[in-house]
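In what follows, chain A forms one complex with chain B and a second complex with chain C.
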Partner chain A sequence: MTGGWRVGYRLGHACAVIATTLILSFALLHAAPGDALAADTAQGGRSPAARAEIRRQRGLDQPFAVQLAHYLGRIGHGDLGRSYTDQRSVRVAVMEALTRTLLLTGTGLLGAIACGLLVGILQGWRSDWWLSRALGAALTAVYAMPEFVLALLLLSVLAYGTGWFPMGGMYDPLIWVTGTPMERLLDTGHHLVVPAVTLALGWGAAVSRHQRVALLETVGADFMRTAVAKGVSPFRLLLRHGLRPSLPTVAAVIGLMLPVLAGGAVVVEMVFGWPGMGSLLVRATAARDVPMVGGAMVVITTAVTLSSLAIDLALHRLDPRQRVHAR
Partner chain B sequence: MRRVRFLTATPRFVTVLALAAAAGCSSPEAKEGDDNRAATTTLTMVSAADADALIPPLVSTTQGKQVVDQLFDRLAEPVSPVETVGDGGFRPQLANGWSWSPDSLSIAFAINPKARWHDGIPVRAEDVRFSFALHTDPAVASPQRDAFEGIDSVTVRDSLTAVVWWHARHPEQFFQLAYNLLVMPEHLLASIARDSLGSSAFADRPVGSGRYRFERWARQQALVLTADRANYRGAPQVQRLIWVVAPDPAAANLRLLAGEADVLELVRGDAYVQARQSSRVRTVEYPSLDYGYLLFNYDRAVSGVPRLFADRTVRVALTQAIDRKAIVANALDSLGSVAMGPFTHATAGADTTLQQLAFDTAAASQALDARGWRRGADGLRRKGGRVLTFDLLFPSTSSTRQRMAVLLQEQFKRIGVTTTVTTVEPAVFGARLEEGTFDAALNVWRTDPSPSTVRQVWGSPRGSSSGANIGANFSRYRNATFDARIDSAAREFNPATRRALFRRAWQTIVDDAAAVWLYEPRNVAAVNRRVTPTDLRADAWWASLSAWQVEPTTPP
Partner chain C sequence: MAALLTMSLVGIGAIGAPWLAPYDPTAQLDLLTLKNQTPSWRHWLGTDAFARDVLSRVLFGARTSLWVATLSTAIAMITGAAWGALAASVSPRWTHTMMGAVDVLRSIPRLLLLLGAIVAFGVMSPTLLAVVLGLTSWTSISRLVFTKIRELDTRAFVEAARALGLSRPVILRRHLAPHLLAPLGAAGTLLLADLLAIESGLSFLGLGVKAPMPSWGNMVQDAVPFLQSAGWLAAIPCLLIMATVGSASAVATHVGAGSHALAPASIYS
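Here is the complex of A and B:
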């Protein structure tokens, strides 16, 4: 299959996946027990008549098939609708949340790649060095730790303990109101540090483990011994002969993390009060906010399928064996 | 609020550079920003959830109420503690006076001629008429709509006089209107379709007449109100109110302890202990209108017996089997007390001398034996080969009720009654209560300041048993004597007689063991020591935020 056909085929596949996801999420929310409008019924809330009126306004009194047809028709025309919970435009709410999530997860992923690759290379290249072992043990502990524990630990130490960083949110409301654009930018960066470090440590641990294993396999290979015998310098040996064959494995691992970029890091977002896609999806699902869940699903599914396509193409380029198989 | 060290210490040079850059392209907005940098009194509340809406008839969450109560005014403002009979418990707010008609079927409110909307337009009687229409329009589907039942209409006598008409006089007429009606600007809302209010531009940037004006709202992050310095009631003490959202309770508490927030409205468990130990924070107690109870489903067949819980003997036995004091102490420690009935200590005319059903497992066992539920060799009670068992439903979001469910399960087991516990998310919990698809449930009810509203929760459902309008009476409890006594109390104008009548009604429902009255939480807020709260009302602790004493801070 040529590159163009390959991309075309995958894009068609992506459209089918998005449509299926939308139908499934709609059907699941429809079938889920309970009634979002009745969530506050136990403490009073709206009267049955008021809830019936809201259902009528939202078309929820129509048969399932009619509701589904309207829903898909609207999305087909690019209209993601309005949120049931706060009446906002879903497109605006999702794009805002996506931007914030990409800022957080993108920073976290870059940190994870940098930290994971460095530690992994150190562990693979100098496996008997005490620092390698210590870093390995530390990252294994981080890897084994539940994300919310790590998040609360870093929050307690880096933010509460030292006071160097804010406790949560995306910015200081006072700076947000009174600050200059530059101060707001710096403030957001300041708020980004601890949640991004939380993600970077968790993901970096995974990257380093795979990098270490891949590099250890390469280090023991015959061609490496040949290179050493030919007098290749250690630095060149690592960069040119050691790292390159291990890259596809690590790229695949990083590729698996890409969908999270758009989907949000739910736990980290909830703990740090970062208003991104993860927390949006959790809230919308709990509130049976069908338009919001649908809008988020469109974005996340598109991101997952596109990132999977991107990784596929990258691996195709990085690993010559795949090109041979493709022929 | 704590200064952010990062911006004030380390990269100060970056700020200097930024200011230098800004100096080259200064704008009117920048000058306004400089003006904002004077020492300000700012109060930051940290909250688990964001406001749901900022248009009063659309608000259904506490967070939303906290904000709209600052933005919009009532015709008259209740004073603490809220007195619901007559108008003695109110002071002028948007109306600077009112007069009753001779037959008490209408009240004419004189609007303060100095009152202005935040856009400068004067507040007029038309706005009152419009606001009433908005609250009661079925298309708006307001959660507060039922609160206006019995009010016929609002008319405009002249531009500064609104007259409110009732179908029949009752002691809480004034409270009913003044407490529930927030007045909104007709000139900004009239052109918006009633079913699209929530998606209008006004919903994103509301304009009120309150002592605070809207400044900014980033959903799920922060909401900022700023003092209306030209307000007809005078500028408030606190210049800026901020609500920040922290969905994780532990993180919310840390924000308070670190000084990033000033107020956390409710602390429990570890958060309470940390607040007590903190040098930065102190705890402040305020009255509660919440009570927690175990409600029985009267219409449900339980253990194969139709309407098992409609049998008073069974209910009394189950109530006597429970050591409520021990359960409350175990689940809430000192942050709660045993509930006395369908009211709290803060309810007007609350009576703490009601005679309660005592904890008595022997009496409970005897009563169940007498009803034919006898213990077998395995310790379980059976009748006609069927085990006496029922399911206990509660929402997954309440850790207190989760602990209580386990303790109740253990205590029922001691008298041979088996229970299963089911936890569901709030949306399912509410739906199941309403549908009646539960045996027994643990619920918390926030009462209205008016004791008369107990009728909504414990008054007999209207209509036939199938398809009856249960209101919030999820038990489907029916007691004509209680109904009559509550109605008599609610119609009584004389305060002493009224109190006595309510006492009689409450004793009736307690004696009838309509539910197991479990607990009344103690409301404890944690506040930064630089803040001195005043007048924390049971129904709205935020009502006097504008008058709180707050030490000024300089924004970074």
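Here is the complex of A and C:
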């Protein structure tokens, strides 16, 4: 499809996704047993008449569509409701958790890109080297593990086994209270290492596979032979001729991983006790804290959709081949 | 090959669990003396923190995990194939609507859909869990079926069938379906691996199969406090999960998935 149409379609799609999520979140609030009243009614507290009155006051007896409109209005103002468990504002809780998660997943993603690209390039460029094969086998094994297995493995080896790294959490309370900002920063970083490495290895495995395949395809191409015949130095060869065509493939894979940035590396966060979106979601689900889950759902999906949209449109502009072929 | 052998072993273990397991998987045998015992002649895989026989839990866990994985795969395949086939057979406007809906559903992170369902339903039996998993995972199958049928529709034999006056359902059943078996078989096996991994992940987090019913995932969760002291308690279910998921993926590759997404997916893809 032509450029303009494409952008329009993608925008429309993004809007549809966000709208669907909002409706689903609202339906969740509505459908889950125990509406908002259950949260602040004491055990066997009020009479049916009093409950009916409170319902009327909060607009809980309005038709579905009216309630939906109210809900959307509240969301528009940024009010995501209050948690069933501790009455905290959902928006505040989610935003705090989101920043903590982004710290973790951002670092993990950077590590994944670095590690994945390096190993992928190594495998594609020098595939017969023993190191390439060894790393390749190791990453395949990692790729096949469910996240929690990798997380537990790294936890036992790096934290329990050697004692170099803390066993979990985001910071040491003692340092947080008594330390200087620099010490606090270092401490958080110290706690960040093992979970970030877990994420980096897991994602890096996927990135490296794609990089390897893309590079292997390129290496056999005719233009590469031409470049070698012209006498281009190996380094320049790799950089300018080999890696360029694999850029879109790898960028696409990285784009695919964006959803995880916001969604939170749920399992890793739970295993390492990292207080981010993942832990928040799991605890809220276990406690059946519907507003929290719904609110998190809306925030995460919106973040994911918008970032995917941005990446997709940016990639489309960056890839010269697509611009040529588009009608 | 090795992968098929592994899967058969797991399958036999799962189906035969009630007869093969030496003990009741939820029976706490002798809390004073039998906690965290290393493997021995009486308990081939040892006992766990609640003095339950690990081998029995592993067998019944295989049963539960495989039941959830298989049922959810079946539901996903049936829903997906039906949707895809229908979308490929109706008027263009409906096609756009149906596949547009699939696109939207695909874009919502699956984990969020799952958690939403779990919150709504509360404690779920394995069967209900399987239904929920199946109903959130059918989009890839529907896209596969849709594209394949659209591609087949351009072929001469379909045109011939239409010329003969055969109705669309008959064409679908008699002429198109046989071509779908191979790709669907591969995609289905891959989906099985994927859903098994997801179920383990959810059970590990305490959101899937609930204790005391064993599932490989929640067995790992139970074993986390004892990583140093009784490492095998975590290692055994982990290895089993990896082996089963890995073999399913390997089988799928050989049947010829040809897709680039070959690994057991994470819970948030």
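Keep in mind that, in the parts below, the second predicted complex is superposed on the first by the 264 of 327 C-alpha atoms of A that agree within 3 Å, B and C clash if a C-alpha of one lies under 4 Å from a C-alpha of the other, contacts with A are read in each partner's own complex, and residues count from 1 in each chain.
The working rule: contacts are C-beta pairs under 8 Å (C-beta built on N, C-alpha and C of every residue); 3 or more make two chains touch, one makes a residue touch a chain.
Just so it is clear, the model here is predicted, and its values are computed rather than measured.
Asker: Once the shared chain is lined up, is A:Met270 touching chain B (first), chain C (second), both, or neither of them?
Answerer: In the superposition, A:Met270 touches chain B and chain C alike.
Asker: Once the two complexes are aligned on chain A, which partner has more residues of chain A within touching range, chain B or chain C?
Answerer: B
Asker: Figure out whether A:Leu155 sits in contact with chain B (first) or chain C (second), or with both, or with neither.
Answerer: Both partners, chain B and chain C.
Asker: If you stack the two complexes on chain A, which partner ends up touching A:Thr21: first (chain B), second (chain C), both, or neither?
Answerer: In the superposition, A:Thr21 touches chain C alone.
Asker: After the superposition on A, what does A:Gln87 contact: first (chain B), second (chain C), both or neither?
Answerer: first
Asker: Would you check which partner chain A:Asp172 touches, where first means chain B only, second means chain C only, and both and neither mean what they say?
Answerer: After superposition on chain A, A:Asp172 lies in contact with chain B alone.
Asker: Give one of first, second, both or neither to describe whether A:Ala50 is in contact with chain B, with chain C, with both, or with none.
Answerer: In the superposed model, A:Ala50 contacts chain B only, not chain C.
Asker: Once the shared chain is lined up, is A:Pro146 touching chain B (first), chain C (second), both, or neither of them?
Answerer: second
Asker: With both complexes superposed on chain A, which partner does A:Trp164 reach: first (chain B), second (chain C), both or neither?
Answerer: Only chain B; A:Trp164 stays clear of chain C.
Asker: So, A:Thr180: does it touch chain B (first), chain C (second), both, or neither?
Answerer: first
Asker: Do chain B and chain C land on any of the same chain A residues, and which?
Answerer: In the superposed arrangement, which is not itself an observed complex, chain A uses residues 33, 152, 155-156, 160, 270-271, 286, 288 for both chain B and chain C.
Asker: Over in the complex, which chain A residues touch chain B? Could you list them?
Answerer: Residues 33-36, 38-51, 53-54, 57, 82, 85-89, 93, 96, 152, 155-156, 159-160, 163-180, 182-183, 186-187, 190, 270-273, 275, 279-280, 283, 286-288.
Asker: Touching residues of chain B toward chain A in the complex: what are they?
Answerer: 1-2, 4-7, 11, 14-15, 17-19, 21-22, 30, 33, 36-37, 42, 44, 50, 52-53, 60-61, 138-139, 141-143, 145-146, 195, 198-199, 203, 215-216, 218-222, 224, 240, 242, 244-248, 250-251, 254-255, 257-258, 260, 395, 424-434, 443-446, 469, 471-472, 474, 555-556
Asker: In their shared complex, at which residues does chain C touch chain A?
Answerer: For chain C paired with chain A, touching residues are 100, 103-105, 107-109, 111-113, 115-116, 118-120, 122, 197, 200-201, 204-207, 217, 220, 224, 227-228, 231, 234, 238, 241-242, 245-246, 249, 260, 263-264, 266-269.
Asker: Taking the touch rule as given, give the residues of chain A at its contact with chain C in the complex, in rising order.
Answerer: 13, 16-17, 20-21, 24-25, 28, 31-33, 143-149, 152, 155-156, 160, 202, 205-206, 210, 213, 256, 259-260, 263-267, 270-271, 281-282, 284-286, 288-290, 293-294, 296-297, 300-301, 304-305, 308
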